[in-house]
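Take a look at this one; I'll ask things after.
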Amino acid sequence: MTLLDVKGLTKNFGGLTAVSDVSMHLDDNELVALIGPNGAGKTTLFNLLTGVIVPSEGTVTLQADAGLEVLNKKKPYTIAQAGLARTFQNIRLFKGLSVEDNVLIAMTSKNKEGFLESIFRLPSFYKKEDELHQQVLDLLKIFDMQDDADKLAKNLPYGAQRRLEIVRALATKPKILFLDEPAAGMNPEETADLTRLIRQIQEEFHITILLIEHDMSLVMNVAERIYVLEYGQLIAEGTPEEVQKDPKVIKAYLGGEA
Amino acid sequence: MKKNLKYNLTWLAIMVVGYILIDVLELVGVIDQFAETTLVLIGINIILATGLNLIIGFSGQFSLGHAGFMAIGAYTSALITQAIPNGGGMVLGLIAGMALSALVALVVGIPTLRLNGDYLAIATMGVAEIIRIIMNNLKITNGPAGLYNIPQLANWSVVYLFVCLTTILIVNFIHSRDGRAVMSVREDEIAAESMGVNITKWKVIAFVLGAATAAIGGALHASYIQTIAPNDFGIMESINILIIVVMGGIGSITGTYVAAIVLGLLDMVLQNFGTLRMVLYSLALILIMVFKPSGLLGTWEFSVRRIFTKFKAKGDA
Amino acid sequence: MHTVLQQLVNGLSLGSIYALLALGYTMVYGIIKLINFAHGDIYMLGAFWGYYVINQWHFSFWPALISAMIFCALAGVIIEYLAYRPLRNSPRIAALITAIGVSFLLENGMSYLFSSNVRSFPQAIAVKQYHLGSVTISNIQLLILVVSIVLMILLQLIIKETKMGKAMRAVSVDADAAQLIGINIDRTISFTFALGSALAGAAGVLIGLYYNSIDPLMGMTPGIKAFVAAVLGGIGLIPGAALGGFVIGLIETAVQALGFSAFKDAVVYAVLILILLVRPAGILGKNVKEKV
């Protein structure tokens, strides 16, 4: 079943077309990769899908529980609440807050704690907070981070910061998870860990993942389907094997006549 | 559950002991009329500065207009208590002042909180100045002369009570879902929005809550001092509150308490120096900032829970 | 018609004072992102220096103006060295509070040393009124306008053409990169303070002549207004500061001429807020979106 349907998505910055007429779809519980040379417009496409920038043309629709939901031109927070969560290429944690708070914040829209019950510290407040605390610990445990709950996010090592970003995105209970270069800056060992982690997420959370990545070992290992972007346009789509053989893709990556 | 009750009872005990301590000191004459006034002014400054700290320190929005909201609270409650000079009038005045101040903050906050950093600071300063100039020209506020003979319905006990109440309000707000959402806006707006946090909404809520507490401070000020004039609520008053927040440590409520007390006592001691007073005050300000740029306490917060945990850890060892 | 022209003349001369002050704010802001709250008090120092040298040393106008500029440049450099430099890597708000402290110190220090009384500024130049058609303009107003414009052009030349000016622009774009190519950051920042403070000193002497009275707190309100002017034009931008200064001067005189002088500051702030809502980075400022 198609979960996210993108039709004719275009973004112009002044005279420059960063993303041009991109149509793609993401199915239920699917792991798709988005690849392309530097400057191809991958992050711009992510930003368009998650609402950080508004598309010039085109539509993005999500198959929500209540039927189709049009996402383009909505604010990022409504899109996040609709079930699209993301990580960032250049890690954007809430650095000055604890690991636990980072995850709790992602639960804000799902957390129905009222103003008065928190101000007056009603018993229901403590009950809800305890439940949330337990949920966060459970989530952290899956990623082997339960001992870091009280640490400040900025004090975590680099790899753990990347992992926390993924945990935080998962805490929004997304339908689709967008990962923007999760392996950037990682050594091969860390990348191997990440590969396992991504597989594990897909199995345990049954969600769709769209991944931007330059590390081809990671992409070819985990992706079920690949979209290739060059100069803002989709030039190929298919399984890893198909894409690897596609002459247009080889040309885009190696240049010249292939 | 039991633990939470223990922490909350400890806090209650601290507040009660504080009250009794001041009461006894007053009885035995250690606190005279002059010292009591200093104490009350410190209390009002704590109320004002914790509200501003919520806006600046926790939601990360640089407001320089706190005195404007203080003015709304002061004038509203002064006018109401002049008409109804009893406790009921005081309560009504406080509620009306808070409501009006919150309303103005809402109307002003929704458009201006989109501005960044120093632009927001200057816009909020402008708003406060406009409020002051309006007070300066209205008939009901008695123009530049201001209001006098305001019934003194607030004594030090009332101020003490409200210091406790506003602190509880703000601290409980910060340590809840709402407060975490507000802090995420300070940390990273783009990431917060991508996590489903409606950043405009939380900025406005923090701003409105801060403005409402500023109105409490203003109302108590009007009632205790008994005279108010538009010039009491100028840019310098906003700056004085800002100084307390920054000197204590942005994002530390304990720091706000410490700075308000330190500055209040400094002011009291310096009374004897006559005209040299403000020179020494400004020198102290510069020196503290140069040597403690992150404020007296940084982001450190006094916590009963931590003390209990430490104590227990020691007991177990 | 003639009242409009008359008010235009008045507005421009007041505006040029704001513009001179706003330039100092904007230059310092551009280079170290500090709202130099004490800038208005430098202007007060300039006025007092002018008062002193004209009365005690019997300087005539030009030497008084130039010596005030030198004196204020020195004061600005010393303040930066003692109070702001130690805080260069601290949170910006800490530096702002320090600047407020310096402002208090200058205001109260001067009140302590010279009393807070208002003094009348010596008339170093006899006032003459010129009548151009129906418009009256005094020689002082002309002097203010001409001196301000000359100083602004001079400033523009320094910033665009000299090595130090280029260094200033480089540091304000990227201090680390500027350091890598061998620019002495400390010296560049000192130079910026010197330039800005010299302009404030000139404004102080000019306003002394124009309003004829000075006191230790005289810098407070114009300082804040000039800062508003800098923000209005787009803070960090030199043409923006000049534009903002003139705009505020003109608004103030216009509101006053219409008979609402009690509300003139309120109108200034209202215009400021409205402009910021439409252009969040000021009239000439570019709104830079954060890259994700």
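For reference, chains read A, B and C in written order, and residue numbers begin at 1 within each chain.
In this text, a residue touches a chain if its C-beta (ideal position, glycine included) is under 8 Å from a C-beta of that chain, and two chains touch if they have at least 3 such contacts.
A quick note: this is a predicted structure, and the numbers were derived from the prediction, not measured.
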Geometric centre: closest chain by C-alpha means: B
Comparison of A-C and A-B by number of C-beta pairs in contact, larger one: A-B
Inter-chain centre distance, chain B versus chain C - centres from mean C-alpha coordinates, in Å: 33
Separation of mean Cα positions, chain C and chain A [Å, integer]: 49
Chain centre separation (chain A, chain B; CA means) in Å: 41
Sites on chain C at which at least two other chains make contact: 292
In chain B, residues with contacts to at least two other chains: 190
Sequence positions of chain A contacting 2 or more other chains: 52, 88
Chain C - residues contacting chain B, complex: 29, 35, 83, 86-87, 90-91, 93-98, 100-105, 107-109, 111-112, 224, 227-228, 231, 235, 262-263, 265-266, 269-270, 272-273, 276-277, 280-282, 290, 292
Complex contact set, residues of chain C against chain A: 292
Chain B partner contacts - residues on chain A that touch it in the complex: 50, 52, 75-77, 80-81, 85-86, 88, 92-97, 101, 104-106, 108-111, 113, 115, 118-121, 123, 125-126, 129, 168-169, 171-172
Residues of chain A defined as touching chain C within the complex: 43, 47, 52, 88-89
Chain C-facing residues of chain B, complex: 56, 62, 111-112, 114-116, 118-119, 121-123, 125-127, 129-130, 133-134, 136-137, 190, 235, 239, 242-243, 246-247, 250, 275-276, 278-279, 281-283, 285-286, 289-290, 293-295
